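What follows is a structure written as structure tokens; I'll ask about it next.
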Amino acid sequence: MSQVEHDDAGPPAASTAPGAQRPKRPRPSPFLVGGFAGLLAMTIATGADWEFGIGFSLIEVWDGFTRSNSPMRGLAEIDLGSLLGSRARDGFLETVQMAVISTIAGALVALPLALFNSKLGAPNRVAYALVKLFNNIIRSIPDLLWALLFVAAVGIGALPGILALFFFSIGVVTKLTSDTIDGIDHGPVEAARASGASHLQVLRVAVVPQVLPAYTSFSMYCFELNLRASAVLGFVGAGGIGAVIDFYRGQGQWDRVWGVVVGFLIVVIVVERISMALRRRLL
Amino acid sequence: MTGTQAPTAAEKRFEQAVRPEKPFNWFRLIVTAGVVGGFLIGALSVDANWPRLTEMPGELWNMAVLMFGELDLADVPDAAESMWESVAIAWLGTMIAAVLSFPLAFLAAQNISGRVSVGVTRQLLNVPRAIPEIIFAVALIPIFGLGPLAGTIAIGLSSTGTIGKLSAEIIEGSQRGPIEAADASGATTLQRIRWAVLPQVMPEIIAFWLYRFEINIRASAVLGVVGAGGIGTMLQQNIEFREWGTAGMALIVVVLVTIVIDTVSGMIRRRIIRGPKTKTSSARDTRTDAMF
Amino acid sequence: MIRFDQATVTYRGGVTALDHVDVEIPDGEFVVIVGLSGAGKSTLIRAVNGLVPLTSGTVNVGDRDVGQLTKRQLRALRADVGMIFQHFNLVDRTTVLNNVLMGRLNRVPSWRSMLGWWGGDEVELAMQSLEVVEIVDKAYIRAANLSGGQQQRVGIARALAQQPSVLLADEPVASLDPPTSHSVMRYLQKVNRELGITTLVNLHFLDLAREYADRIIGLRGGRVMFDGPGSAADEKVFEKIYGRSLTADDVLEAEASL
């Protein structure tokens, strides 16, 4: 306890002594009342069946799940054999290739950007503001939207997928790493400056070594994210295992869809476990 | 030793000094080889149309010019309405996930439930965490039809995993003292949860619901790409049919609304975690601040 | 009456915290238990309300054998035995009143306690408990905003709200500064004298023990080394209990003068 307030050290009065007045029950705070009202209003406005609501109904949900439907029938007859086909194999391979290339390229670009994206590392205010703006815009666009734009720019296939994940990686690694730079020990930075180092030299000898473990860890984390994201890029024509899932879905072969999804889950979980073990060692 | 011999002694000392050999850094070699090799092998083997990469900067520039040069304010009402649907999907989806994950979180918390319950619930929560929303959405569309209902349920199911896991971790992080005090006063398990655990964890759990709502807005903005409602449909169709001005306006609305909601929600979250302002500054839980 | 009969507790890992303890505490007595940390003080106190089960032997509270109770009976016993903790164990984020009402959990129907529908009687009792420790004015303030001494008084009020016949206090002043320590000890003494509640207090400081105890029990290595009136416990006795000569750390006032 940090408080220094001492209790009255005098002898306690008899329990019947007229002590302090009982306080009145305070009214609930405006924040609590407002928050609860806002929550209720938002839920009704979005859920009700009116012009601007989506008309959410539990009965409809219940009917949907209890009615016979092809995706759930497919789940019951899941076809893990589809994993062995050449289509799935190529899809998985492409997914891993896309994730590897885009993570490495994105992380390399992200390191200098991260330095400039922190108050400590930026050479001047203009560079700081520009990098910050660039990074905020990159991060506010979802990965699938990037893919949509690149498919329009360079046509369908793995290339737009790689480009989408590349930009997505830049955003993630830059943000996480620059947050770390703000928290590093300023001692070495001061020492480097005192020895007459230039700004870039200071960054190289005093800042980069301090953030390198965290940066590596974030890059690996980003690889996990990219692997997961690559499962959906195929839905807009940007390659990877998502294209295979989309193909089987188009054919109505839900048993195969679920087979591929299970395979994908296994890959993601295995990679996540390995990456987490490595990252724990790193930090 | 005399004075004239001193420089020689110093020289000798340098000559005799055993300098450690520079150790060979295997780790660095392996990492470098892995990164460079991985990149090259990946880049050469992948079936990507690399030559088109040279066209990309020009294409992107053209697109940007078309998108933001042909903006038409007449598109704003449409874009706003579609974005509102995305927000609605994200909100209701988060609500569904909050309701579903709440009991599961207690079943998955080691300081509340037994080992079997924790193990089973944890695994149950892991599955939706690993599946992207879009996959839930495409599986739900044949059941609920094209439109926001499929998107809402997709967001709800996939967020249940993350919210459940994090809520369980928050519950496990609660102080043991009040729980012991509840036990010592003869409380049942439910009473212990209600009076010793809930008051400790509720602010953080609610703050995480809000945080997840922010993330879900990003997800629901693209669900329309597969036809599950929201502004994604508008983006996808206008990009596909090269209606660049309309696509640009939709993009601007997405980015602006996302940033505004992030800011407002972030303020509310910080206020929830901090608790009501008081005269004396009380000790704050910095752990949760670091988390968000 | 609380009776320990050959009470023994051995923890997993083989540490014996209580070693064949025989003690009888008549109703209404103010007992202070002293000993070094690890001597078994906390275990002795927690054996009374069953938070630590005995490995062998028995503890009886009144006519109830703690080891033989069903879960429901054990909860009823705990409701009858109030407890105060070293670190107060309040829920920081909720009000003082809600913390005190925790003491009523065993006496209200479960569904009502879930919804927080406390009856007027329950609130009245909680308020009265707060009045005994003179902190009723803070009833609607969040516990986090109180000083350490105030938090411990709320801890006492929570125990009193149980309308207990026995009060257990586990190092109630170890986290407090000297003046506050005396204040809390005086409240415990007042509760004991005015409400006639049997009180067991673990203490580390021997001057506090001598000042407030009717009776002192000294533990060392889980065994009773001394059992007698506070006035009979001189330095020799304490050196026997502690197994070493006394230091400044063993008394509260010396610490205060540092």
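A, B and C are the chain letters, set down in written order, and residue numbers restart from 1 in every chain.
In this text, a contact is a pair of C-beta atoms (placed from the backbone, for glycine too) under 8 Å apart; a residue touches a chain by one contact, two chains touch by 3 or more.
A quick note: this is a predicted structure, and the numbers were derived from the prediction, not measured.
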Next item on the list: Determine the shape of the graph in which chains are vertices and touching pairs are edges (line, ring, star, complete, other).
Entry: complete
Note to self: Using the stated contact rule, I'd like to know whether B-C or A-B comes out ahead in C-beta pair count.
What the structure shows: A-B
Next item on the list: Find the chain most remote from chain B, comparing centres computed as mean CA coordinates.
Entry: C
Next item on the list: Calculate how many whole Å lie between the centre of chain A and the centre of chain C, each centre taken as the average of the chain's C-alpha atoms.
Entry: 48
Item checked: CA centroid of chain B to CA centroid of chain C, Å -> 46
Note to self: Need the CA-centroid distance for the pair chain A / chain B, whole Å please.
What the structure shows: 3
Next item on the list: Name the residues of chain A that each touch 2 or more other chains.
Entry: 3
Next item on the list: Check each residue of chain B and list the ones that touch at least two other chains.
Entry: 276, 280, 283
Margin query: Looking at the complex, which residues from chain A come into contact with chain B?
Written below: 2-3, 29, 31, 35, 42-43, 45-47, 52-56, 60-61, 64-65, 67, 69-72, 94, 97-98, 100-101, 104-105, 136-137, 140-142, 144-145, 148-150, 152-155, 157-159, 162-163, 228-229, 231-232, 235-236, 239, 242, 245-246, 249, 254, 257, 261, 265, 268-269, 272
Note to self: Applying the document's contact rule, which stretches of chain B touch chain A when the two form their complex?
What the structure shows: 35, 38-39, 42-43, 45-50, 52-53, 55-56, 59-60, 63, 81, 84-85, 87-89, 91-92, 95, 126-127, 130-132, 134-135, 138-140, 142-144, 147-149, 152-153, 218-219, 221-222, 225-226, 229, 232, 235-236, 239-240, 242, 251, 254-255, 258-259, 268, 271-272, 276, 280, 283
Next item on the list: Name, in rising order, each residue of chain B that touches chain C in their complex.
Entry: 175, 177-178, 180-188, 190-191, 194-196, 199-200, 202-203, 275-276, 278-280, 282-283
Note to self: Please output the residues of chain C touching chain B within their complex, sorted ascending.
What the structure shows: 49, 51, 74-83, 85, 87-94, 98, 101-103, 105-106, 110, 113-114, 116, 142, 144-145, 155, 158-159, 162, 168
Next item on the list: Quick one: which bits of chain C touch chain A in the complex? Just the residue numbers, please.
Entry: 127, 131-132, 134, 136-140, 146-151, 153, 175, 177, 179-180, 182-184, 186-187, 190, 194
